[in-house]
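Chain IDs A, B, C, D, E and F follow the sequence of writing; residue 1 opens each chain.
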Amino acid sequence: MSDYQRVLLTGAAGALGSELRKSGTRLGKVVRLSARGPCENLAPHEEDFPLDLADFDAVSAAVKGCDAIVHMGGQALEGPWQTILDSNIVGGYNIYEAARRHGVKRIVYASSVHAIGYYERTQTIDGNVPTRPDSLYGVSKTFVENLARYYFDKFGIETVCLRIGSSFPEPTDRRHLITWLSYRDCRQLVEKSLSAPRVGFMIAYGMSNNSEAFWDNRTAAVLGYKPEDSADDYRDKVFAKTTQGDPNDPAVRFQGGSFCAAGHFEDENK
Amino acid sequence: MSDYQRVLLTGAAGALGSELRKSGTRLGKVVRLSARGPCENLAPHEEDFPLDLADFDAVSAAVKGCDAIVHMGGQALEGPWQTILDSNIVGGYNIYEAARRHGVKRIVYASSVHAIGYYERTQTIDGNVPTRPDSLYGVSKTFVENLARYYFDKFGIETVCLRIGSSFPEPTDRRHLITWLSYRDCRQLVEKSLSAPRVGFMIAYGMSNNSEAFWDNRTAAVLGYKPEDSADDYRDKVFAKTTQGDPNDPAVRFQGGSFCAAGHFEDENK
Amino acid sequence: MSDYQRVLLTGAAGALGSELRKSGTRLGKVVRLSARGPCENLAPHEEDFPLDLADFDAVSAAVKGCDAIVHMGGQALEGPWQTILDSNIVGGYNIYEAARRHGVKRIVYASSVHAIGYYERTQTIDGNVPTRPDSLYGVSKTFVENLARYYFDKFGIETVCLRIGSSFPEPTDRRHLITWLSYRDCRQLVEKSLSAPRVGFMIAYGMSNNSEAFWDNRTAAVLGYKPEDSADDYRDKVFAKTTQGDPNDPAVRFQGGSFCAAGHFEDENK
Amino acid sequence: MSDYQRVLLTGAAGALGSELRKSGTRLGKVVRLSARGPCENLAPHEEDFPLDLADFDAVSAAVKGCDAIVHMGGQALEGPWQTILDSNIVGGYNIYEAARRHGVKRIVYASSVHAIGYYERTQTIDGNVPTRPDSLYGVSKTFVENLARYYFDKFGIETVCLRIGSSFPEPTDRRHLITWLSYRDCRQLVEKSLSAPRVGFMIAYGMSNNSEAFWDNRTAAVLGYKPEDSADDYRDKVFAKTTQGDPNDPAVRFQGGSFCAAGHFEDENK
Amino acid sequence: MSDYQRVLLTGAAGALGSELRKSGTRLGKVVRLSARGPCENLAPHEEDFPLDLADFDAVSAAVKGCDAIVHMGGQALEGPWQTILDSNIVGGYNIYEAARRHGVKRIVYASSVHAIGYYERTQTIDGNVPTRPDSLYGVSKTFVENLARYYFDKFGIETVCLRIGSSFPEPTDRRHLITWLSYRDCRQLVEKSLSAPRVGFMIAYGMSNNSEAFWDNRTAAVLGYKPEDSADDYRDKVFAKTTQGDPNDPAVRFQGGSFCAAGHFEDENK
Amino acid sequence: MSDYQRVLLTGAAGALGSELRKSGTRLGKVVRLSARGPCENLAPHEEDFPLDLADFDAVSAAVKGCDAIVHMGGQALEGPWQTILDSNIVGGYNIYEAARRHGVKRIVYASSVHAIGYYERTQTIDGNVPTRPDSLYGVSKTFVENLARYYFDKFGIETVCLRIGSSFPEPTDRRHLITWLSYRDCRQLVEKSLSAPRVGFMIAYGMSNNSEAFWDNRTAAVLGYKPEDSADDYRDKVFAKTTQGDPNDPAVRFQGGSFCAAGHFEDENK
């Protein structure tokens, strides 16, 4: 059981949030769930706390009484600027500022491959490379990473930023053979990010034990993350269903995949 | 005379903006000035275009017809979150998105030492180190740097981010002996950032030819910046008026100076 | 089965070439074999195309109709300069220039430990270190690596340079415990170099899963190479048959082994 | 059986020394044991040679006739300066200078995590980082490492410095989950450090196959160290018996653990 | 006056060769000139020795009796493969192999920016980056650099590879403002490369004291090269005569300039 | 005038110590001189305090009342081990431990090129490279550097380690053209090391503005050291009096010069 008394889980109704609820009290003795609407099927250690991330007072009330936060909430794909701004940028600020006011000690933040999506597929990067976002969504992820760095340097709030690849039930395209993070491995990463004795400000990449890799997780070695799943088990299936693609297509060439091939959201979604 | 037909200068009424107007047609054949209110004493090559950076339509109208932008506008100090958000984050987005829509080729952006203010004074850093902002203001500077990186990688708009130290008439404290950027050298940096044949996405530090240095500008060597002034000329004067300070004071220990010693703006300015 | 229609395999009659034929249609739907003389025992997906690598017209004819090349041919040991020049340097140029003329998309090139043989045994190197050839043979390998870099940068032809250690049936000396690449792992490396969605210009080291290592293959992590064999299984056998050697003997001190202890070929083979 | 004729093992009566005796003739055909007093239960290949490391003549006599040394002796914890000076600094010099005079070829030296104890827990370091000792004990370890570097560069005596983490029967606190080196793995490290064909001057970290890690052993990859034990097997047990601790406690924050939290030995032990 | 008894200067009739003759006995007490045809206006310390670099016996005869070589000869621009092969590759081998046979101690080699021409203009590189040639000419330069590395590592012949930018009477385009090497500075570089007490294998970039720079010459700092000229003096003149260009034109984007914009020589010169 | 009340200058009777006395009150309002015997010609701001560095009580008495120390004392050349041990190792410990007990804030330590003397002349190194001492003297310098690192990390005492090259009246051999530090520049380095607002633990190389260089002082850029002298002014004179030497002589090949060519002191001085 976790050493934390109460942990806030944002985005609790989303795909990853729902999976993380399965970690049970390995997250915290009490897990407070937040989403836009109510969460269902509460376990005894869970409490529900619906909110809009863009509303500072609501966020502050949800954070009060928690000693850690798992921040999975917000817009999880490219979207209109106003949505990115409200959910991810203002929402991110609200989380960190509420954490400061209420003495939260540690935050685990769901960052994304899209914070560094414009590195080439053939580059192997670690957690110290300059960010290269591939979308406004990716820019918003770098914003919260910087905010986390600031709140640690000035106020001592620890954060692990998990740059999550592709966390789905299973890999379905050739890029997923690299970026796939199984739900089980995602839970392990979050649990270890919470229980590690000290994390300071840390960036860890979220991928399973896939032979193909973009990322070198050495800078996060102290977390002790040891993935149990591998996209390799899906390789033949994925190869059978897909073809090789054009190496010069931005969706193939860059780590961010199709996000790099897309134009500006509002142009494309008029 | 510049090769650009029309350059937008934001923040044209501020201290640096006013100095940059002295560059005249070395910025552009026409220089469009923007500030919250009207600018005065227009030269023949200048045209006035007051606007609120948080207003996308106004920004878009100002950008239309320009082939380059010198973006000095926005909140230039720590301030309330809402101000940082409106002026620097939303304002920064408005500039870049308007630039994309109107085919602007290059932007020179006034970033700041406060984007990396939490590096220790004894560390020598270059333009590739991870950002470490020292304030919400500093976080907003990293936001625009990431936005610029994105708009270059996806849309090809070039940016030079100038991480300006302390651009004042003269150095007045011992940290300024390191961070001072004379107005003349600031003008040179902006002019060369505009006229360099290619800049891609580049980060350059803005300091004069000071013997004491935090920064290694080699990654921006192609700009050919060759400062003409030096804080060294003020060393004796500054030493005579100041004392050595406590090396453990955050204002002494970190590159961001007093920004690192301050708490959260809204706590301190209730 | 490979996505390539037709792959040219040079050096098809050599030890590695013969092993690679076992990959069958995992190389290409059709595999065109080339060696100085005819190849035997053709499988249904194989076609024979004997040639002299130094003859541009012959190479060009062999390359025509192929969409990928596995270039294992040429002089595989130190030899007289004229042989190195004709087989490896002129031969290498002929392969790349023919590939350009006939629209070949990707080449897998058998480079060698001897391209970096003068690194010390105690240095751990990756694919980005400056080359340090240990022989004229090694110099010829760096020549083709540079040629490959050029043909990618200018003409977009992708290459994986495999710096193969010691690909033999089994390790027979203590240095092989480090450099050994089993035939099975060699086939895997070539197959993955062909099937990876994008390789650009990449250098990968060819060694099995040996505990002792000179090389760090992280820069080639995206290939997903996962060796199945290990020289460790031969450690006791090799130790029993060999003695420790003099650590100052160039054959022990440097990664290139006995190539570093040899003098100039023509001096020693008069 | 080792290729060495006679190996001197200092500190042979200590915890690690006793464990290393179990390596038997894998250390040397004859193993000469030294400790302050006599060693017991000598095996046929062992000979006893008690001595005081601070006595050059005694050390010289013990070294004579050996072709390698495993130097585990000296003060193994923080202690009074005079003890550190006599046992570790003077003792270290005596070992190296005697080795030079008697033609010893290789030394395996028990350095320590405390040579780099002031790196933060969240930093992943390799063998090339500048030393940051956390105690006078740690400073004495860096002294011998530098001495070893000198005796290799000038006199060609090879050394492997093993920066040993926590070599105990099993991990008992959360930091040990990172630093633990099982006795079995310790023996392997020493054996491979002796039998590797060439080591020059090398630094290797001594930890078992623990998922949590401070250290990157790539610079020692040629040793072929392949740990067989893991602190992971003790994780649940350790977590059950301990609580999370304060991430700002120097004993948690820094790699050296409690050594970093202690003051000056003589102040604290008056 | 030089400490060398006799120095061979190849390419003595070319533009740079002619300039280097002005160094007089600062090159060697005797300077042996070689070019395809005879050299004119011999000074008392000069002797003429015309030869074809592709003819080993002629090269060997020219090298005999020399203790150093300044190798400026060969094809100095992109050309047909056969010319590059004969003049630069075979010619380079002939120089080094003759040097080995006749005991030459040091070679100064005119390498070129075109050995690394595919780095972007905005990248600042030093002498250790992987090569990225922009032409067959550039590939031939990397060939001789590797040959030089090999002849130093195995046979102890020292080489300084000078990667010369644009050595012309004066800069004439905007890229020259970066790459220009005045004749006077070129002479200094060659003289210091000869007179430095030890150079091993070294790469130095050949540029004058230009404010705009691609290159960081720190790895060659021991040469003590201190340029006396600067392209800055020509900046206004060059800007007046040229326009800004398209930053996406390969001739602007890459360090190699127009070589990067050209296709394959034989395609373009049918 | 310095901000320090009282500065202890050890080695005050040595060549550098005598020169540093010329800095007068730029060192401290009072300068306490220590040497083995009495110092002469005391200025009004000077006080004399002879001592033996190996005597802790004497050192402690001298340190009492000082807020900074310039530690130039001890054995300044290779010597017998016992001398190195007493003067430099025990002496160094005595200085730091006395500083801790008496609340000294900052120490400027005269380290030496001999701490890194086994780097090759052709390597350009900065202050972060691993140490490579060339003598027992050099090992003692690395000992004090590590001690300083420890006393800063644990007790907050700041140190600037000055790795001084060759501080003599003028350069007299070709290596001095690289390593020379004029007395005037040495004084500036010490003065700036004292007056810099924060130095933490820092390593700076001590050389004048010589064109030839082994060292990159960027990691000490914040000191603002700006040398006023240059060995270049002596180049012709030195060249006229010396010959080129053998590049394979250790005295030429390595940065430590003749220290690298010497054997063990006690062997050579029996």
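In this text, contacts are C-beta pairs under 8 Å (C-beta built on N, C-alpha and C of every residue); 3 or more make two chains touch, one makes a residue touch a chain.
In this text the structure is predicted, and so the values were computed from the model without any measurement.
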Least step count from chain C to chain F, where 1 means the two chains touch: 2
Both-way neighbours, i.e. chains that touch chain F and touch chain E: B
Minimum number of chain-to-chain contact steps, chain A to chain E: 2
Interface numbering overlap (same over half, different under half) for chain B and chain F: different
From the options A-B, B-F or D-F, the pair that copies E-F, where over half of the contact pairs coincide: B-F
Whole-Å separation of chain centres (CA-atom averages), chain C against chain D: 41
Length of the line joining the C-alpha centres of chain B and chain C, rounded to whole Å: 51
Where chain F touches two or more other chains, by residue: none
All chain pairs that touch each other: A-B, A-C, A-D, B-E, B-F, C-D, C-E, D-F, E-F
Touching residues on chain A, where the partner in the complex is chain D: 3, 105, 156, 158, 195-200, 202, 218-226
Contacting residues of chain F [partner chain E, same complex]: 120-122, 124, 174-175, 177-178, 210-214, 216, 232, 239, 243-245, 247-248, 252-253
Of all residues in chain E, those that touch chain C in their complex: 81, 85, 89-90, 93, 97, 100, 118, 128, 130-136, 138-139, 142-143, 146-147, 149-150, 153-155, 260, 263-264
